[in-house]
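You will see chain A twice below: alongside chain B first, and alongside chain C after that.
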Partner chain A sequence: MRRSLLFIPGNNPGMLVSADIHGADAVIFDLEDAVAPNEKDAARLLVRNALRAMRDLRVEVVVRVNPLATDDFRQDIAAIVPLQPSLIMPTKVADADEVAVISRTVADAERVEGVPAGAIGLLPLLETALGIENAFSIAGCDPRVKGILLGAEDLSSDLQAVRSKQGQEILYARGRVVMAARAAGIEVYDTPFTDVDDMEGVSADAKLARALGFSGKAVISPRHVAAVNAAFTPTEDEIVYAREVLLAIREAERQGKGAVSLRGKMVDKPIVDRARRLLDGARSLGLEGTEP
Partner chain B sequence: MLIHKTASAGTLESNDVLVTVAPGSGIQVHVESVVLAQFGGQIRETVLDTLSRLQVTDAVVRLNDMGALDCTIAARVEAAVRRAGGDA
Partner chain C sequence: MNKLTSNLADAIRASGLQSGMTISFHHHLRNGDGVLNLVLAEAARQGIRDLTLQASSLFDVHLPLLDHIKSGVVTGIETNYMSAGIGRAISEGVLEKPVIFRSHGGRPAAIASGRVVIDVAFIAAPAADSMGNANGVSGPAACGSLGYAMPDARYAKRVVVITDHVMPYPLSPCPIEETDVDIVVQVPSIGDPKGIVSGTTRITRDPVGLSIARLAAQVIEHSGLMKDGFSFQTGAGGASLAVTEYLKPILRAKGIQGSFGLGGITGYLVDMLKEGYFAQLLDVQCFDLTAVESIRDNPQHQEISAERYASPNARSCAVKSLDAVVLGATEIDLDFNVNVHTDSNGYIMGGSGGHSDTAEGARLSLIVAPLFRARLPIIMDKVTTVTTRGSAVDVLVTQRGVAVNPRRPELKAGLAAAGLPVLDIRELQSLAHQFTGVPRAVKPQGRVVAKVEYPLGGIVDEIRSVIS
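== the complex of A and B ==
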């Protein structure tokens, strides 16, 4: 379960070597926007060495690489694939053809470096109008694609929209990427909340993202990790209710019924599926999620 | 790898190291570090290992270390060498 994915600037040794202390479920070592153009070479070597030295990190590692159209892309892939991060995040992905080229490049590098075929997944970053329009074909085009991430800052610029904390301007994009990912059967992650000092804001934004169907949320500050983790962690009330749902439907089945009333509301298959999913998530976090 | 010019990599921020590589005859390593007394020998060893791996036989290497780990030192030395060798 990836509730929070924390961006770590790729050219900052202090943050790289302490990446696993912030409580994020995944960290994203960033070789793209967080690195100055004339420091790409140094950041690539630093991230490579950090990955090599920190094989026993207690957190999943994602590496954000430079866009396919740049010279840095192939150098990033060649340097990073031998260290076998869980996921590579290609940026500004616009269509499925682009994913096919990226996937082939990763596959070639896996073969050359003796990495098991398909061991490294892709988490495409959709941050252009074209990328959002093509979200479903991107999400479903390659088994290597394990999830998609919405990038709202570049997207808002591309849309010529005014970026706001409330996010009305990205509501359509949020719905679109969730729909696309769920239809393709993969995970989907929300854009970061960019006001580092607004703790109430990040909490509300993360709760909205969960309500919309996102699996988790990217984070640009360690200070936001706890609020995002909390928003995507099943609450005690939710766990209790989910367990009641499963008990109720079991009793209904014993009586030959497909639906039953619980707390004044009808419980049927979609409610049961949701309860099972919630308990699975709770269990993966070490909470009391065992089915009754 | 031949060192053609002077080049640097890294910063003077905490946990980092600023490495400067210049043309020279044989290998010379000069280290300034906030942890020189405790780790000076290990830092030199990391520098020499990295130079050897990159097949650098002639260079003057200066480090101003702010408490970098070995993996950071090796990365910064390699970046400076590649820049000085026209490889980056």
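== the complex of A and C ==
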């Protein structure tokens, strides 16, 4: 489960070496926008060293690379693939053709470096109007694509929309990427909340994202990790209810019924599926007592 | 008898100041101090030259000093700390005679022993009466404690109190007493309150700093020192201050009544006093307005002199009764020597202050520092400048674990048994090098521009000019 994915600037060794201490489920070592053009070389070196030094750590590592259209892209891939991060995050992805080129580039690098074929997944960042419109074809075009991430800052600029904390301007995009990812059977992650000091704001924004169907949320400040993790962690009430659902449906099956009433509401397959997913998630987070 | 004048020029003449003498200043007005510049400007006007400046610290507000060096008015500097602007000029060789760096305890020890003779002490006083009784708790430039000025008042041959706030005789409290004071000068302003104390000192919000602070508090918890009577000092910067916040719940959970908080005092230690974690605060210097108000209003918040704080020559001093001190480092090396004098290019940008005093005195000396500053690993093979000897340092706390000085095997065993991440300092260094590679050592090779004197005397290191 990736409730939180924390961005770490690739040119900052102090933050790289501390990447796993903030409690994020995944960290994103950033070679793209957090790094000034004249620092790209240094960042590649540092991120490569960090991946090597941090192999044994429990936190999952994603590397955000520069867009396909830039010279940096191929250098990023060549530097990163030998260290086999869990996921590579291509940026400003516009369509499935682009994903195909990226996937081939990664596959070539895997072969050259002796990395098992297909070991490295892709987590495309959709942050343009075209990318959002092509979300489903991007999500479903390649088995390497394990999830997609919505990038609202670039997107709202592309849309010529006014970015707000409430996020009405990205509501369609949020719905669109969730729909596309779920239709393709992959994970989907929400855009970061950018006001570092607004702890209530990040909590509300993360709860909204979970309610909309996102699997987790990217985070730009370590201080946001706890709030985002909390929003995406099943609550005790949810766990209790899910267990009741499974017990009730088991009882119903014993009686040869497909549906049953629980707490005055009908429980049938979609609710049972949801309960199973919630308990799976809770179990993967090590929350105890999730077996009904 | 009238000691009071409003004419600084007359006062300087009356003090008997002559070329070649040593004059002293305290640094309680920090980067808001107006007095050092006023006095040097007037001395220059009177044609006085070849002065040795005996200042407890120098800040960048004192940059006009550089002109007085170039013109020969000031030819010697002895101090405990120097901020980066002045430090840079010294490192580039502006002053011919090497600066003598001492510590906050070493300075009063040198003065009391007569090794350093102050001809005229100029004491900036936020409040004073016409006979020279003075304190730091009233007036527009209130700075709280006058601890660093007390030895100067006590031992200097002549003492001039300079104030912008004359109050009726007899002033109380009076850490500076009329018995020591020759002349009182009233000037329009002794300094800019904005630069004297910050309105509030804030705990770092940097999550890495907080994780280091949390780990440091756990080290103290499992050091064996956590019992009734516990005493504590921390610096006012970065992660150091945050340690207080993590100590509170530990003290509370164990039901421990601390004896005293020491040092430069901040609002966080004041809160701990108010909340009953400590019975007393011993305050040589206030860092924020909360501390200034507290030292004025709370009898449990005591003003102490630099001698009582840390003088190794005194019959006893507070740092020798101190359990734990949390300190910072610009660099630390494999022998646990710490540098807070120079940056990684060798430029002077600080000084011991109370670093070596407290590290030598306290039962447990913790250095808190991130593994990197910008791109530079802080653990070096050898520090650029030795401020505090490794033999006085017990533990280095970083975000990736703690390293215990091999001189303290029982401490190492205790921390490991408590489940803390204890590593060899070489392992922490090697982890840092895995990220950045091994940095090329930079050690300036020019002439000696400063000498670092250890609290008990004796030169522990020399600082060379960056551009020779």
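Note that the second predicted complex is superposed on the first by the 289 of 292 C-alpha atoms of A that agree within 3 Å, B and C clash if a C-alpha of one lies under 4 Å from a C-alpha of the other, contacts with A are read in each partner's own complex, and residues count from 1 in each chain.
The criterion applied here is as follows: a residue touches a chain if its C-beta (ideal position, glycine included) is under 8 Å from a C-beta of that chain, and two chains touch if they have at least 3 such contacts.
Just so it is clear, the model here is predicted, and its values are computed rather than measured.
After aligning the two structures on chain A, examine chain B and chain C and state clash or fit.
Chain B and chain C clash in the superposed model.
If we overlay the two complexes on their shared chain A, which of chain B and chain C does A:A53 touch? Say first, second, both or neither.
both
In the overlay, answer first, second, both or neither for which of chain B and chain C A:L130 touches.
Neither: A:L130 stays clear of chain B and chain C.
Should A:V101 be classified as contacting the first partner (chain B), the second (chain C), both, or neither?
After superposition on chain A, A:V101 lies in contact with neither partner.
Is A:D41 touching anything from chain B or chain C once the two structures are fitted on A? First, second, both or neither.
After superposing on A, A:D41 lies in contact with chain B but is clear of chain C.
Which partner does A:A183 contact after superposing on A: first (chain B), second (chain C), both, neither?
After superposition on chain A, A:A183 lies in contact with neither partner.
Regarding the shared-chain residue A:R223, is it in contact with chain B (first), chain C (second), both, or neither?
It touches chain C, and chain B stays clear.
Flag for me the stretch of chain C that overlaps chain B after superposition; candidates: 277-285, 331-339 or 457-465.
The segment of chain C occupying space taken by chain B is 331-339.
So chain A touches chain B in one structure and chain C in the other; where do those two contact lists coincide?
13-14, 17, 42, 46, 49-50, 52-53
Provide the residue numbers of chain A that touch chain C in the complex, in ascending order.
My answer: residues 13-18, 21-22, 42, 46, 49-50, 52-53, 222-223.
If we count contacts the way the header does, which residues on chain C are in touch with chain A in the complex?
Residue positions touching the partner: 205, 207-208, 211, 370-375, 377, 399-400, 431-432, 434-437.
Under the definition above, what is the set of chain A residues touching chain B in their complex?
The touching residues are 12-14, 17, 41-42, 45-46, 48-50, 52-54.
What residues on chain B touch chain A, complex-wise?
9-10, 13-16, 68-72, 74-76, 78-79, 82-83, 88
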